[in-house]
Every structure is written in structure tokens, then in C-alpha cells.
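Worksheet: one structure, shown below.
Note that the chains are named A, B and C in the order they appear, and that numbering of residues resets to 1 at the start of each chain.
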Amino acid sequence: MKATAHDFKNAASKALKDDNLRQALHRVETGFAGNRAAAISRLPEFHDLRDEGVAIKMHVLDHLDYYLERFEQKVIETGGQVHWCTTPKEARDTILELCRSVDAKTCTKGKSMIAEEIALNPFLEENGVLPIETDLGEYIIQLADEPPSHIIGPAVHKTKDQISDLFFEHHQKYGKTERQSDGRMLVNEAREILRQKYIDADVGITGANFLIAETGSTVIVTNEGNGDLTQSLPKMHIVIASLEKVIPTMEDASTILRLLARSATGQEFSVYTTFSTGPRRDDDLDGPGSFHVVLLDNGRSKLAGSEDRELLRCIRCGACMNHCPVYHAVGGHAYGWVYPGPIGAALDPHFIGIEEARHLPNASTFCGRCEDVCPMRIPLPSILRRWRERAFESNVTPPAERFGVGAWAWLAKHPAFYRVGTRLAVRGLSLLGGRRKRIAKLPLAGGWTATRDLPAPAGQTFQDQWRRQRGRSA
Amino acid sequence: MADSPVNVGLFVTCLVDLFRPSVGFATVKLLEDAGCIVHVPDTQTCCGQPAYNSGSRNDAKDLGRNVIAAFQDFDYVVAPSGSCAAMIREHYPRLFADDPAMADKAKRVADKTFELTSFLADVRKVTSVGAKFNAVAAYHDSCSGLRELGVREQPRYLLASVEGLEVKDLEKGDACCGFGGTFCVKYPEISDEMVTRKTSDITATGADTVLAGDLGCLMNIAGKLKRDGSNIAVRHVAEVLAGDDGTPPIAGGER
Amino acid sequence: MTSSSRQAILDGIRRGLGRGPVDGADKAALEARMTAPKANLIPARAQIPHGEQVDLFVRMAEAVETTVDRVDGLDAVPGAVADYLAANNLPSEIRAAPDPALDAIPWQDRPLLTVEKGRAENADATSVTPAFAAVAESGTLVLHSGPDNPTTLNFMPENHIVVLKTSQVTGTYEEVWSRLRARDGGDGPAPMPRTVNMITGPSRTADIAQQLYMGAHGPRRLHIVLVDDGQE
């Protein structure tokens, strides 16, 4: 996916004027957050489980090489293969080669953020393998030719009406000539059409929530069951996963699974959690004939030893965006790359560079809700602040902001000048405020006064008044 | 309340110094009523948060050194702001962690720095402020105070002792108001959306007053309410706790 | 191509961590963590006597729209299945897993019920499968694949009926993993089946305007015939 993160401000501005999007985001804000809070209140051990989840992930990061090798060994023992890929290109080429090895015409796909990261769909399509998204949300945005706007609800930005239009436009070729407006009918229509796609597909591609080193299993978590049909019916099952998905044991998976659904949708447990180990066994009546894990690095091996390594604890639950006031305001597309919301703002610059992603770490009030709700306690505001520091050091920060911060800091470093400066400023602003005690328009502060009045100061600083009343102190 | 007087350095904050001196005086009154001797070092300026949040770590450190030098000799440092108090208490130790000459000093100052209401309720064990204030007030928790310092019950507890005051919680009490320091001028449209949601939430409570412990949030909320023609009065919690109903509300001049 | 990438990735990780490959005592400790897996914190919720676990399982399953019919023995299963099909206006045909565990069910008691065995076909309306275990903590069924248990039965038909015995109900996921590892009675852990399915309710989606609809791709209905086998 081509990054458009540099255009964040324009995209955000458009998003704020999109009434359909605002309705949709309102549902995200109230629905997900409320359900999560209710689920957590039912499990007294939730916050202790977070600590354990963090410990598991840190243990893995400290021994990432060991666990990946161990995972690979088990995959091979159970008849599968692991393909190590350093770059998105290498991963795409590997997947295409695998598809070609079984003369694949179509492949069904379960939801995978890594597939988005490597821009798999357009590549496969250009090379004669038609990818079909099967998660209903992913299917909707594939029809709309849009990227996902949320990591667990890729089509949260779409209204039912928009989905009706999309289905009406794209399903005529299947003989569906009536526009359905009822949600249940829309679900049924997609179910019917996709069912045949599962049956016809040559290859099924899924992502992975976990890779289990103990057993060589890959794990997917869904509510629809699409991932299961995707991987059970075709000849070949390809799993795409990034390095940090590996965890030691089934017990460790259980701990993190107790956090995942509760943090994501507020469910006690997702409907389908599926452990896949190798290809179908000799006497099995169904299942894929071959099993491949495409393991993507894309900079993570380096990230694992860096100061931002905590980002690799992320389990992609979406809680940070579900609780982010900036996400609630602008939605996921404005972020302009694969991962939106706070996790995206912290992670995307690692992939697309801080120059391209410069707005993302800045578009935050550091309100801290993301860190508060993150099941893996990722210190997102601290990581965003580090990006601001890197931007400042590398002169990515705009000159006006650098000047403003520098001027204020200079003044504040010289208390005597600061006194005089603030005294004058306060007097001036107080005059501007007049008897209304507020300023409706102020040069250089248009960002504020375009939509808000600026409360005017009283006319004298506290320090001046204090010294007049009490003499010099301290 | 403890018996022996303690020396408190008042970190007044830039915004209070410039825009709302009455909050400073209310803070002094509350601290003195709580048995403290209040000092206002005249070398204090800014805690460095704008520089810190803009990525200018060196400027932030310079300003931090200035604050630490000005305040290190007091028993406590108190600020009428969750955000500035959190800067000193939570972030100075991180800022100076790799600076052997400063790390200890930063930690010592950090440990004795408190947001006003938490200092009164948690440290000075104030149970009642003996003030009167006739209002129905919605309370906005500032993000820094709430999540970095755990300030939530303290202001409500103290406000419960104010005669004539009824306090209401917001429906989305943990949502940010959209101020965010330089955020509000760098991303004004997003900030406006956030403050619009906040002021609707405030209006929906039916309160005639909104209170908070951070002047940044309050100026943002007041600026939006006034632009929309609202009559809701906006005040810092310290003013109400000190019984100051003489000072007009923030941005509360003639219509 | 990928063998050099493999080395590059492993080298990159080690460089970042500032060490070489794990070996010696460190490696032994990691191996031990892997070969004798230990449970982490287990919530108190399901650490209760077995009878209460069964009740909790039923409550949690019903909370996610699974329906549960409790019967006294395998003899009662054909009737329970037939009644369920009739009550939901479904054809009197099932596709059953060819699992010996279901062989003791006297299907012949219901001659109008057509029972076919094998993997699922797209036309099948209703499947009947056994389960490996169930988890009280979240109302979750655990099924695994094998020659007698094709996975497609769990996903293709619109209606999935699971015959579960009360003795198969455990408190937690961790207990299921212990049973899974011990299921062949051998010395080491039994090999993982190709597929282990944890199923918590019927298929659903909220991808259309955050509204919940059942039966997105998998079964619209999940029904458990819970057989009291009088064992823990």
C-alpha cells in the first residue's frame, strides 16, 4: 500500500466533514469501548493477566531467534515448510511462487494485516492469481477498492447503505439483481457468493495471531469462520505472519487469548480460535494438502533490539484506536498507511520513515488512554514522543514549530526576560480582550481562534501581583 | 491535618501566571489553610513541557534544570495543574535518567511534587475546605492528572465539602478535551472536534459551571463554550475550593 | 533465497540483542520451558467443583447464543437431535462424523432420521460431531481433526450439533491442553492434530455497521446435546 501519511492534515479535514464516517466512528467509540469495559469488569484477574502477557512477550523478544528456530523445526516435523522473508518483495514473490506451484487461479484470504503490509492483493492479481477476501469486512473494502480503516473492523467506516450499493453493483454478475437493504440479507448474499469461492479456490491464505514454538502450530482468531473455510477447503494453506507472533507454548497462547477478545470486541472469547499444525494427515478426510508459513521480517529483527521494541508486543486487538479521541475524530484512512490509530502512529514511521509519517506521532494530545487500555501495556505516548524527538533532531519538525519552541524555551531560560516578556504580553492580550475578557481573533493564533475564543488574561501576571502583595519571596 | 508547618514551593505554571492569577492566589490560600508556608521562587518560568512534547529534549532539560534548582530546597512542590505536576513528577526522572549529575536531584524533586488537590487530600489529609459556592458543576478530569497521577477522587472529595455545590460527572469523563498543548494549534480541526464533543457532554449534564484542575483544558473549554454563546461558567477547581466567587469566570466578561 | 534470508534475520535479531545464538544453560532452560509447559495465572472463575463447572459451561455457552439440551445418556441423543431438527424446521437429515464415539448412539431408534457419515458437503444442512473437550470458563467447545473427524463438519453446514459428555467439560483451556497432550497415553506429548478448533458460539459478524448478525460463513446455529455420563 502506497503511503499517504504526509497528507494526514488534508485527509483528516475531509474525514471531519464526512457525515457517514462520523456516524460510523460514533459507533466505534460507544460500541467497542463499552463492551470492553463490561468484559473486563467481569474478570477480576484481567490486569494481572496483562502483566503476564507482557512478561511472555518480553521473554519472547529476548529469545526471538531461539523461538523462531524452534517453531520452524516443529513445522518441518509436522510436514510443513517455513519461508523466511526479509522484505515485503521477498514475501510477495514467495507467495506467488507457491501459488504457481499448484497452478492457482484463485486464492481465498482470511484477514491479515501482514498481507496489507506487503500489499499482496494487487501483486497477486497482476500476476494472474485472483485473491478473494473472505472476512466480510475485508470483502466489503475489497469491492470498494479501499484499504482497511481499522485493524479488527476493516469496514467500520462503511454504512449499511454504502454496503448495499457495493453489493448491488458487484453481485449482479452472480444473478443478484435486487438491491438488498436489510443487513441480514446482505450477510446471506455474501455468504452464498463466498461459499462457492472457498470451494473453487486453489490456495487459502490466512494470517496468524500466534505461532506456537512448542508445536509448530499457527493460530487464527475469527468470529465469522471464514479463516477456517479458507484454510480447510483448498489444496494449499499459506500462513503469512511476522516474526514477533511466535510465543512459546499453548499455555502462553491461553493467557494472551484471555486478553485478546476482551480488549478487542469485549467478547469473553472469540467464536473461532483455530490451531493449525502442518498439512492434512494421511487418513484425514479433509484439510489442505500442503502447509506453508511465510515469515516476514520487514525491519522487525532490528526493531526487536531497539528502544521501541515494546511495539512488538502488540497483539492487534484495536483497543488503542477504539479509545483514541483522534481516531474517533478522523477514522483510520487519514493515517495514510496500514496501521491506523495510536499503534499505527507509533509503528508506521518504522516502515515508511518519519519524513512521510511526520504528522502521525504529532497528532496526539498524549491523553494516554491508548496506553491505559493496551492489553500489552505498550507505552504508546512515550514512543510517540521519541518519534517527535527523532523528527526534531533530524530537522523533520517544521521550521515554524522549531522557531516557536526555541523562542519560548529561550525566554523561559532567562527568567528576567521572561518576566518582562510575559508582563508585556499579558498587558497586550488583556487590552485586546477588553470588557468581553476574550479574544475572537488573534494573528498567529488562528488555529485557536478560528473555532474558539481565547480567554483574555487579567492584565497582570501572578508573579507581579504576588510580589506587590507579599514582597520578594523564596 | 498535620501540625508542623511545611515549606511548599508553589509552581504556579505559565498559564496561571499569565492568564489566571486568581488560581495562584486561591492555591496559596488553600495551602496556607492546610498549614503550609508558601514560597514562590521568582526564577521559576516554564516546566519545559512544550519543548518536551515537541521533541526538543535539550530545551526541556535546560528548563527542567531551572525548575529543579528553583525548587529543590522545599519540602514539597505543588502545582495547580495535573499536567505540569506530571511533567515534573513523572517525566523529569526519565528526562534526566541518563544524566548522572542530575538524575538524583530530578528524582528527589519529582518525588515531592504534587498536583494541588492530591497534595491537599493525600498528603495534607484535608477533609474539608470550609468554602461556600453556589453552583451545579460538571467536573472535567484532565488527562495528565487522571492517568499519569491518578487524580480523580481527590478533587471530588474536597469539592464535596463545599457548601452549596453539587458536582456532576461527565458521561465520557475519560475523554480528552482536545487541548494537548501545541496540539490545539497544530491540528486545530481535530482539536475543535474533540472540544465540541467535550462541551456537548458538559452541556448535557445541565450544570451551570464546569470545573477542572488544569488551566489548559479550561481555556480550551471556555473558549469553545463562549464561541458557542453558552452561559456555562468555567473555573479552576482551586478557585471554588478557596471560595473565590468574586473573580469572574474564565472568559466571562460581557457577552 | 530464503535460506540466506533466514540467516540474515537470525543474525539481525542476535545483533540487536547483542549476543550470539542461545546455548548452554540458557538453551536448556528454554527447552525445559517448552517440553514441560507450565500454566500462567488461571482466573478463579472456573476453578470450582466439576458439577459447577458443567453448569458454568452451560451458562457461558448460552450467553454466546449456543443452545444446550441436557440428556441422561447416549440413548436419548437420537430423540434430542430429531426434536431439535423438527423444532427448527430443518430437514431430517444429518451428516455425522464417522467417529466411534458416536457409534454407540442408537440412531435406528429414529428411523425417519437419515444419518450419513463423512466429511461435509456443501449441501449438508446439519452436522453432528463429537467434541474433544469443553471449557467452562468461556463456554468454549474444543474439537480436533482426525480420520474420524473432518474439520469441514464444523464449518460448512448451517447447523452444527455437538454431542458432548459432561466428563469432557473442564474448567480452563490449560486443562484441555493437558488432556490433548495425554490423549494417546504415550510417554511424551501426543502429536498435535492438523486442526484444533475452539468454538464459542455460532458464526457471527458485526462488519455491517457494527450490527451483529449470526451465520456469517460458518454455522448459523450451534447446538449442544450434553450427555450426562456420570463421570468427572
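We take it that contacts are C-beta pairs under 8 Å (C-beta built on N, C-alpha and C of every residue); 3 or more make two chains touch, one makes a residue touch a chain.
Keep in mind that this is a model prediction, so the values were computed, not measured.
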item	value
Reference chain C; chain at largest CA-centroid distance	B
Most centrally placed chain - per-chain CA mean versus overall CA mean	A
Length of the line joining the C-alpha centres of chain A and chain C, rounded to whole Å	30
Separation of mean Cα positions, chain C and chain B [Å, integer]	54
Between chain B and chain A, distance of the C-alpha-averaged centres to the nearest whole Å	33
Residues within chain B bordering two or more other chains	none
Interface hub residues of chain A, defined as touching at least two other chains	none
Of chain B, residues touching chain A in the complex	9, 12, 14, 16-25, 28, 38-46, 48, 50-57, 59-60, 62-63, 66, 70, 94, 143-144, 147-148, 174-176, 178-195, 197, 219-220, 222-224, 226-227, 248, 250-255
Chain B-facing residues of chain A, complex	9, 12-13, 16, 325-326, 328-330, 362-369, 371-372, 382, 385, 387-393, 397, 401-402, 404-406, 408-409, 411-413, 415, 418-419, 422, 425-426, 433-438, 440, 445-448, 450-458, 460-463, 465-467, 470, 472-474
Of chain C, residues touching chain A in the complex	1-3, 5-6, 8-10, 12-18, 21-22, 27, 30, 33-34, 37-41, 43-45, 60, 63-64, 98, 118-120, 122, 137-140, 145-147, 150-152, 154-156, 172-174, 177, 180, 191-211, 213, 215-219
Touch list for chain A against partner chain C, complex	24, 27-28, 31, 43-45, 48-49, 52, 56, 62-70, 78, 83-86, 90, 93-94, 134-137, 140, 153-156, 158-160, 163, 183-184, 186-188, 190-191, 194-195, 198-199, 213-217, 223-226, 228-229, 232-233, 243, 248-252, 254-255, 257-258, 265, 267-281, 283-287, 295, 297, 301-306
